[in-house]
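Two complexes come next, and they have one chain in common, subunit A, joined by subunit B in the first and subunit C in the second.
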Partner chain A sequence: MNQLDWGRVLEAIGAGIGYTVGLTVIAFLGGMILGFPVALMRVSRIRALRWIGTAYVEICRGVPVVAWMLLIFYGLADLIGTDPLIAATVALTVVATAYIAENYRAALLHVPLGQWEAAVSLGLTRRQLFWRVIAPQGVTIALAPSATYAIGLLKESAFAAVIGVSDIAFQARTLTQSGQPGLATFAVAGAVYLLLSLPIAAAARTIDRRMRTRSAM
Partner chain B sequence: MAPTEGDQPLVRIDGLRKSYGEHTVLDGITLDVNAGDVVALIGPSGAGKSTLLRCVNYLEIPDEGVIELEGVPTAAAPSAPTKSELLAVRRKTGMVFQGFHLFPHLSVLRNITLAQELVLGRSSEDAEQRALQLLDRVGLREKASARPTQCSGGQQQRIAIARALALDPVVMLFDEPTSALDPEVSVEVLRVMRELADLGTTMVVVTHEMGFARRVADRVAMLAGGSLVEQGDPATMFSDPQHEVTARFLNAVFDR
Partner chain C sequence: MEFVTDHLPTLLGGLRTSAWLALISIVLGLPCGLLLGLMATSSLAVVRWATLVVVEVFRGIPMLLLVYFVYFGLPGAGLSLAAETALVVSLVVSAAAYTSEIFRAGLLGVARGHREAARSLGLTGFQELRHIVLPQALRAVRLPIISFSVLIFQYTSVGFAIGIPELLSRSYAIGSVTFNYLGVFVLAGVLYATVAIAASGLMHLVRRDRAPQVLPF
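This part shows the complex of A and B:
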């Protein structure tokens, strides 16, 4: 009862890694793609678009991820059936989109004024100025904070266990329910989350360092 | 004498006014620049030199006054230029900033070809050929495929000059192009500017480099408190300034 069955624990948690990583990767990539148009709305000159963008960001960030998971799981059950994996992926992507949109927005505003002035002085139109000069720099500036955010996303993905996605957290809970010692089992699960986060952290640091040397005058 | 095409100033600024709220920065500036001339704009910090230069290409929108290029007003209503007027005037003017402002995400070559393609509609081959020719002129052909951040400040400024020249502007505007550079690096930028002047490029240069103003400028214009205090050829103005503010300013600059 108090003895940890290493083989069983590792096998079960190993089976959960795929879900945790898959969920995190899809939500992150989804957020990187969908976050950009949301950021565009946030910085739009059209008030209605700005308003929609702001509302989206505030609502998605203001409600806990676990609440989104439950809301989408039960709320969309009639529409998409009760598939916990789809519900968890959608919920995590919705939230990631909001956070990453804010990274893009901050990054776009962070592009130095001189870049605008130089592009305007060369006769670029507003559209050219934005897409050729500001957006590419904004996206690059947003990479480092977004990579850091991916670590948070990895951990938030654990809420998927609540609606029954068999990720690492879910596996750990199931193990304890079938007699594995709680402390040791969750310690192993925690260690696996930590191990998974290390390469993301390393990537974030590398991107950050590259950016610093590149933007240095 | 009836004015002919030839003796009309290339740039004509008349009665230019600009305020920020209560603060009048340009208080009715009148200044002509003839084709091929180099005009050095000097004056103390806060005099309105940058604002004047930036009004010429509408980076700042003037409140009142006339700005003509090649005898044609650049905007029907200078305080409310239309989009197409703005694009037209920016195509005709080249601007060089104190801080270079090269595009860091593009190669040096691409920095110089981008606007040629987008603004002038040149083919990428033509744009590239022109860019390489200009890089040759500023002595930086070997930097074509480098990123701007791999270049020194002096090199970046020479690239910025090439970028502006690539659109074949009728007048080049320089806002303290060497103020962010060490003196030994400034020299290479000033040499490029001098060569441009020798080639007959019309230039308005805001500068604290009095040596450059003396040797290269055809005319020096002194700005203080939003007004053009006096203008004249550099030798006369430096040795015999007509106004007290000019004398004080020149003393301060030359004493350094």
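This part shows the complex of A and C:
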């Protein structure tokens, strides 16, 4: 068996890190922004909106990420062009939006009832009550689970390799096709994903801890 | 419409393959997950730590990379597997790692008093596990286990990357012949989502204490 060419492997995988991280960050931010209105629809009193929100979440989470990648890359080429990076970003954002919307939804429903009662007794209008009292707390509560979800997103981003985005997984596969030993190359790539997830995990823990101390006060 | 009737049988055949791969992986993966969960709650610190390290490593690696590792990497170590076997092995390993965390939480959730009562009644360690701990722990984890099983089903779509004729591969094959990628992937998406939504409905039936579904105004 041939030896691992460390220089080549690290160079190629290093070149893939930018794609992996970029994809993950953009899809995460997109999901954090777009997930909120979806969550609002999910918890709306208006049945039609609730239906749309629920349908979005169930469908987007019910279809595998790889299938989203292929559907958008091959199916929507007329609409968004043939750049796999754009297709992968859209696909990942669509899915992230659904998952993060569920975090927002759970968070909004878990704002303590006392907060509602206090706001009502202070004479806030319904709009003020929601936007000044409930929404800020809901968003904050949703931060910790969403940060944890970001780790999942980092791993899901590897499916972009299937449509040809030169991320870490793609670089690893290409390296093995050009003669690098498979076991070692994929192990290095796996280790890089693990390393990348460490700071996200640390951030998630920090947010979670801060939230707990704050709510204890 | 004709497109649907022409290709639905092929896709349903693919769905059957996906479902089989998922079923085998779940049947093999859950007992492994339970075993790892028991090891993660072992009274021996060495066993506990070793298990947690293994679990974290396999949870931290993207599914695609794990499949690449098993299918393209292991032959370098003299172990060549058929694509289906490679996918099932990857799914089992991954399912074991992920569900061990679910089982661990379930096991730790069993009230300490119940264990102490079992001990003071003179039950052996195995009897305590079999009659006191497991019935409660397994009941507590049934919902997350169902929802993880759906994820396993979704991850069978990684079979596309290594040429297994499951639902996604067959959809792609139809797309590349008819050039109606959008149509065929939407159809595949409907099939995937149907399975997920059916499972989600099942979970609603199983769950008795339903959280509030709408904001209180």
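One rule holds for everything that comes next: the second predicted complex is superposed on the first by the 215 of 217 C-alpha atoms of A that agree within 3 Å, B and C clash if a C-alpha of one lies under 4 Å from a C-alpha of the other, contacts with A are read in each partner's own complex, and residues count from 1 in each chain.
Operating definition for what follows: contacts are C-beta pairs under 8 Å (C-beta built on N, C-alpha and C of every residue); 3 or more make two chains touch, one makes a residue touch a chain.
Note that the structure is a prediction, hence the values are computed from the model and not measured.
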{"item": "Fit or clash between subunit C and subunit B when superposed on subunit A", "value": "fit"}
{"item": "Partner chain(s) touched by A:T174 [first = subunit B, second = subunit C, both, neither]", "value": "neither"}
{"item": "Subunit A as apex of subunit B and subunit C, Cα-centre angle in degrees (nearest 10)", "value": "100"}
{"item": "Partner chain in contact with A:Q137 - subunit B first, subunit C second, else both or neither", "value": "first"}
{"item": "First, second, both or neither for A:T148, with subunit B first and subunit C second", "value": "neither"}
{"item": "Per-residue touch tally on subunit A - higher for subunit B or for subunit C", "value": "C"}
{"item": "Touching partner for A:L194 - first (subunit B), second (subunit C), both, neither", "value": "second"}
{"item": "First, second, both or neither for A:G114, with subunit B first and subunit C second", "value": "first"}
{"item": "Partner chain in contact with A:T125 - subunit B first, subunit C second, else both or neither", "value": "first"}
{"item": "First, second, both or neither for A:L70, with subunit B first and subunit C second", "value": "second"}
{"item": "Per-pair minimum CA distance [subunit C against subunit B, superposed on A] in Å", "value": "12"}
{"item": "Touching both subunit B and subunit C, residues of subunit A", "value": "none"}
{"item": "Contact set on subunit A toward subunit C in their complex", "value": "1, 43-45, 50, 58-59, 61-68, 70-71, 74-77, 108-109, 113, 116, 126, 129-130, 134, 151, 154-159, 161-162, 169, 172-173, 176, 181-183, 185-187, 189-190, 193-194, 197"}
{"item": "Residue ranges of subunit C in contact with subunit A within the complex", "value": "57, 60-66, 68-69, 72-77, 154-155, 157-158, 160-161, 168, 171-172, 175, 181-183, 185-186, 188-189, 192-197, 200, 211-217"}
{"item": "Contact set on subunit A toward subunit B in their complex", "value": "112, 114-115, 117-125, 128, 132-133, 136-137, 140, 213-217"}
{"item": "Residues on subunit B engaged by subunit A in the complex (per definition of touch)", "value": "57, 59, 83, 87, 90-91, 93-95, 97, 99, 101-105, 114-115, 118-119, 147, 149, 153, 156, 160, 163-164, 167"}
